[in-house]
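You will see two complexes here that share chain A, one where it goes with chain B and one where it goes with chain C.
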Partner chain A sequence: MSRFFLSLQEGRLEGTKGSDGRVYFPPAEFDPVTGEQLHEWVTLPETGTVVTWSWQSEPQPNQPLEHPFAWALITLDGAAVPMLHAVDAGDMARIRTGSRVKVRWAAERSGGVRDIACFDLLEGAS
Partner chain B sequence: MADLCAVVGVGQTKHASCRADVSIAGLVREAVDRALADANIGIDDVDAIVIGKAPDPLEGVAMPELWLADALAAHGKPVFRVHTAGSVGGSTAIVAAQHVMAGIHGTVLTIGFEKQSDGNAMWALSVPIPFGMPVHAGAGGYFSPIVRGYIKRSGAPSHIGAMVAVKDRTNACKNPYAHLHEPDWTLEKALESPMMWDPIRFVETCPSSDGAMALVLMSEERADKHPGPKAWVHATAMRSEPTAFAGREQVSPRAGEMCAEDLWRKGGITNPAKEIDVAEIYVPFAWFEPMWLENLGFAPRNEGWRWVEDGVTDIGGSLPINPSGGVMSTNPIGASGMLRFGEAAMQVMGKAGEHQIDGARKAVGHAYGGGSQFFAMWLVSSGKP
Partner chain C sequence: MSRRDVAIVATAQRPNEVGSTLTSVELILPVINDVIAKVGIERQKIGFWCHGSCDYMSGQPFSFVAAVDAIGAWPPIVESHVEGDGALALYEAWVKIQTGECDVALVFSNGKTTSGPIDRILNLQADPYMVTPLWPGFDSLSALQARACLDAGIMTEADMAEVAARSYRDALNNPIAYAKENVTAEQLLARPYTSAPLRAHDCGVPVDGANAIILAAGDAARSLAERPAWIRGIDHRIDTQRLGARSMTESSSAAIAAAKAGVGNDRIDIAELHAPYTHQEILLRRAMNLGEGTHVNPSGGALVSNPAMAAGLARFAEAAESVFSGSADRVLAHCTSGPMLQQNLVCVMEGE
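Here is the complex of A and B:
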């Protein structure tokens, strides 16, 4: 898993490819089909699609954003499975299932999933 | 009548204070791959998986078995978790053996693991947990008054703990997988080790380790067709009792005595000290070696410390105890019991390498957990019962 966290620190999104060709992001360490350790890494683009979402109208301490935002399952382009992260949509009316989003990197990165600060809506695409 | 069961593969990780190079899943898989390679079978040949680790707060991961299915290649197979505190590695191996003995599965993979660097066992054992008695001072604070009780009633001199510590640390240098490799200990040096929980010195305590142990068990029908050495399970026993009750014997808990009596009876052993060639027993604090020698019926009451002093439990002695270096040199809590069971199997399979006891035919694995309240043992042999 080190490679996943180190690549985030370097500003890259790296997933693993399973025996059936499916790409996992966040990476699966062992193949969900065969159980073999996965060694083939794939660099993914910073864009993806919202699969489903929920609005956080009153953010709690230590959440990704201090103003209202969306928790969303996002499938990166080229990945087979979605990941959970935050979308800074500004207003609940602006996000929907199918919205196109792009990674916003954290200013200071430390090798953790919070190196992705959140996702931004791609203007005009949703 | 139960079916017979044999250990046909043993695999453990390199143990260390922090295995930062692997996740919990990777740690578990390292032991699994070695056990499967040792058994010369593939993961598809496994019918069922039985895993165990110590209580969840110790790693700060609740129910890790829920996300280990991929690493265990457990898709579509039964996974069973066992939970008996520090004795869990032993009771997990026993439950796995019972899957085979009951005739339910032909080949069972069993794993004990702990990645202590992901948590903090000392504090996990110290915080008040609802409905439980808080220990406050970790395991050492809990057990030191019991060790004092043993010293008082047996008249053991104060250097016995240090002698056990030096023996186990020296033995560990013969075990490439052991966490601590400290070849330079002498009794003089050990006696100068700082006092942690009087009468327990720092050197007389176990380390905190990351590690895993895996075993492959087979039914008689499959083991008979399987090439290579085997450790036949002659007997298993488990006993338990509450942590606290009026009049409880804490130094030599009744449950531990009953567990051993049951094992000897089932295994046809009438003189354990004579008939057992080597034993791996759960000694997280050095003084527990003489205490368990008595509790398990090897040594007469109050005589266990004399056996330590006379070198009976050394690798060259008549009853070598923990030639692997034991818990005193490697303690990934959830794996520690299975390490005892697996090391006992390795001895009768002739696979213990540098710490092999020549001609070992009958060996015992032992584990205890909680406040000396859960006990698990097995007796294995190179020959069938």
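Here is the complex of A and C:
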């Protein structure tokens, strides 16, 4: 997993390709089908699609945003499985399943999932 | 090796409450004494003691060791602890009896759920790299699962409210249930979202509670209870911890556990499902193929009182009591653990 976290720190999204051709982001270290260690890395774009979401109307300490936001499972373009992160949608009425989103990088990155500050809605693209 | 016949012979539960000022030992002690008194057994005859609780909730490593004060460690006893629900401790005790090392075991669990923000505390059990650093909370994660079910058209918000209304009404008949209300689904749907698409009634009410169960094998069970609840099948399955890699609209681990426990072999009169969220009850009914003939959660279930780490064992206690009383012949008890039904333990019990 260290390659994954170092690539996040450098502002790249890297997943792994499984034996069935599916790309895992966050990367799977071991093939979910065969159990073999995975070595083929794929760089993914910063855009993706919301597959499900919920609304955090009162943000709690340490969460990605301090104003109301959406939690979402987001499948990056080219990936086979979604990841959890926050979407800065502003208002619950602006997000829906299928919304298109783009990574907002954190200003300071340290090699972790918080290097992605959150996702932004792609205006007019959903 | 053939399996030993093992049964639940007695149960005890505390009334669920909010804001308890008791210590964990003080919570546990009365249910231990109560369950032992019910069968009238000498403590030395209990060959194994097994405890389920969560150290994160007291914020102190090995805090569970203090619970031994509630059971007494002299003369020496054989005991174990599971960092999880008491139902998982029951599974360990069942395995212990299968090994032949003991005939009688006492299982107990406790959760002082309201002494901290349980929704955030349980986040510490999630994936430490990809999930915990975001601090999502279990309500928000469960809401993602509910949205996926709504989007897929396998349930509506009205279906979910119906589950809550039935549970709140059934709880009126349960003296130890915490939340109880004569309410309709329509009234519940008029209330605001808390973690949209979930409303307050979709989420189990965190309460403080404790419970205890005695398991016994063969003739020992027959001598301790008039009508033991015999365990005919028990199975525990776990889905991947990768939140995005498992289905949001079905529970494969619950389906496998139910099949292995023999749920489908005959009718189920009563199913006590540990569903801390309304949509999860619907998912579990689908996974286990429970039909109209099964009364789900006559106790009100975990929606009306959700003592973390004790709510699963409470399902076993409620299901077993319905066999003791003769109101049911074949029952199902279930426990879940982890976010979004990650783990599922299913048990089928029968009266003779």
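List of remarks:
To be clear about the criterion, the second predicted complex is superposed on the first by the 126 of 126 C-alpha atoms of A that agree within 3 Å, B and C clash if a C-alpha of one lies under 4 Å from a C-alpha of the other, contacts with A are read in each partner's own complex, and residues count from 1 in each chain.
In the analysis below, a residue touches a chain if its C-beta (ideal position, glycine included) is under 8 Å from a C-beta of that chain, and two chains touch if they have at least 3 such contacts.
What you see is a predicted model, and the numbers here were worked out from it, not measured in a lab.
In the superposed model, C is the one of chain B and chain C that contacts more residues of chain A.
Shared-chain residue A:Arg114: touches chain C; no touch with chain B. Residue contacts after overlaying the shared chain place A:Gly35 against chain B, while chain C stays out of touching range. In the superposition on chain A, no contact is made by A:Leu6 with either chain B or chain C. Contacts of A:Val51 after superposition: chain C is touched, whereas chain B is not reached. Residues 1, 28, 32 of chain A touch chain B in one complex and chain C in the other. In the complex of the two chains, the chain A residues touching chain C come out as 1, 5, 24, 26, 28, 32, 51-57, 60-64, 71-73, 75, 81-86, 92, 97, 112-114. Of all residues in chain A, those touching chain B in their complex are 1-2, 28-37.
Chain contact summary for the complex, chain B toward chain A: residues 21, 23, 25-26, 29, 43, 70-75.
Residue ranges on chain C touching chain A, taken from their complex, read 117, 120, 129-131, 133-137, 140-141, 143-148, 151, 193-198, 240, 242-245, 248.
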